[in-house]
């Protein structure tokens, strides 16, 4: 469900959980371990990629709705731990956003250093990205809002997250939500290229400058004591969220049958 | 002097103090009370509107110049309290900026969630908005600068407030000082529409996401102990400000006679 | 090596150290003393200018590479002190960026209030500005990153400093790294004009508003205890930096001979 592809010292972690790269406990655990282990396995930069046309559908709602409080708490601790691993990684992480990227997928993407997104071949059906948690009844936790704020600005982030907006790739580029748009088949290659440019910089100077530049993000996400895991779990089991989440899942299943 | 117009659960507070919606002690008190009372009176969103062509002229300088230290201190505590009520409101506040919006009017507008501004019918005479306090000899207090910074960025706010700049609506839109421009007669309707969209979001998720997104603004404005009321009063009675303020008032009176 | 030119109460400090306005210990000391002394010598605003086509080449690497730990520490304390003097100046500082402005020159420019930059007469050879320290093997210290962040935003600053990017003037304008582009021969005049506009503002109101607007910058740079002088010195003497710096100097000498 997670492929590791080595391009010399650049390790690509490719989400490969059919059909939609939904983030379930096993994938999140595997991804977290891979991100944490990478520097010790010779990686000097990471690329996080998805499937053509769909980076990740976000959290695996049908699977997660089966979990009780304890199991969901363990999952969310892992998910926030994955965010912290990306935010605090000692090597840069480039997201190769190969297609649509709602909710959990967008969360992972904004923790990294750089975002290359696919420009849809059909301008009428652009790929979209966003923190649309509100639309499924879930508040956006503070450390995730923080990560978006530092990309797009405090107020712009407020508007996007409270509306649960999904925006198309061109607008994401204009706002700074992503850094570059390229043709779909070029996304991973361009992410690797960016990582290669990074590797050519003087190592200590680049690493230390990067550490200082991202210290605010690391501070917001790398201290497990401060992560709002319990709050998220409480929000998840609140009636509003349960009703919304179950409605979304019913809709997904009905679509799948057609 | 303040009309309350109910559009279902959206309550419009319309400044209606002829001739220029100047903010005097009675209007500020009425507005503060209305904002604080709204959630308990069934409001789920607020629209703050003004008169066609003029949102508010800002503080009522002629009236305020009559006040002694104690009375001005009481007024400013109320004015900052009004800012805090808007910044910390548990329901969203949309400003329907129906026309020019200098100083105090702009201050109220930037405390809210969203700003719809009138696009003048005559492009040669655009409506303008700004924190132009410096031009009348008054420093812009820190919490008000803070509110502007989170909209337009730290440095852009620095340039605008130190110059006491009034900018036209197109530039306000480009900088993020306001969110949308619409025809003058559409401003209130569009603000209500935005509020209606808000009401369709999952309630708990939207409310909690919004609370986190605006926590910095609330922290800057909702603690009465931290508000620089005494500093503002001292600045007001300093010779430079008194000279400027009296000159502005003399000019207003001379205009009024013509 | 530093000319003081008085335009009434606007004092222009013109870097005049042939051939490239490189910042050596004597120039940095002279500039720091001049900035600190200016308000007591009747200056109400400062303009910091360079040579036509070259604002400053940045730190004088050949000279500084001769210094031992103690001497370099003293120099860096002075350089950071100069940054603090500019960041905390009680009178505004306008940078007249008369041409290229890499590294140390750019650092000084971003400490001031406003930046006017030369638009090259030859569009194919635009003037460039940037914090390119990483390219010579030196990390960008936190307070200098901070100064850039408040101009261009947190994430944009991250990208620029980690890459050690030099950007052309048009892009610098678009990002907010500089405020205006004018013809090369107009740069100093425009900077003086901006300062004159400042002097026409109500004095106390403008000064106090400016003090509040820039308090974050002053806090980051004006406390000598918090400045990372020792860290910078350690970075300088690390093998990577020494190798890079010596390579750059060898290249400069070889160019000079041709």
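Labels for the chains are A, B and C, by order of writing; each one numbers its residues from 1.
Here is the rule we use: a residue touches a chain if its C-beta (ideal position, glycine included) is under 8 Å from a C-beta of that chain, and two chains touch if they have at least 3 such contacts.
Bear in mind the structure is a predicted one, so any value in this text is a computation, not a measurement.
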Same-site or different-site touching of chain A by its copy chain C, using the half cut: different
When chain A is superposed on chain B by its C-alpha atoms, the rotation angle in degrees, nearest 5: 120
Whole-Å separation of chain centres (CA-atom averages), chain A against chain C: 38
Sequence positions of chain B contacting 2 or more other chains: 153
Of all residues in chain B, those that touch chain A in their complex: 113-114, 150-151, 153, 176, 179, 197, 201-206, 208-210, 212-216
Chain B contact footprint on chain A (complex, rising order): 133-142, 145, 153-159, 161-164, 235, 238, 240-241, 244
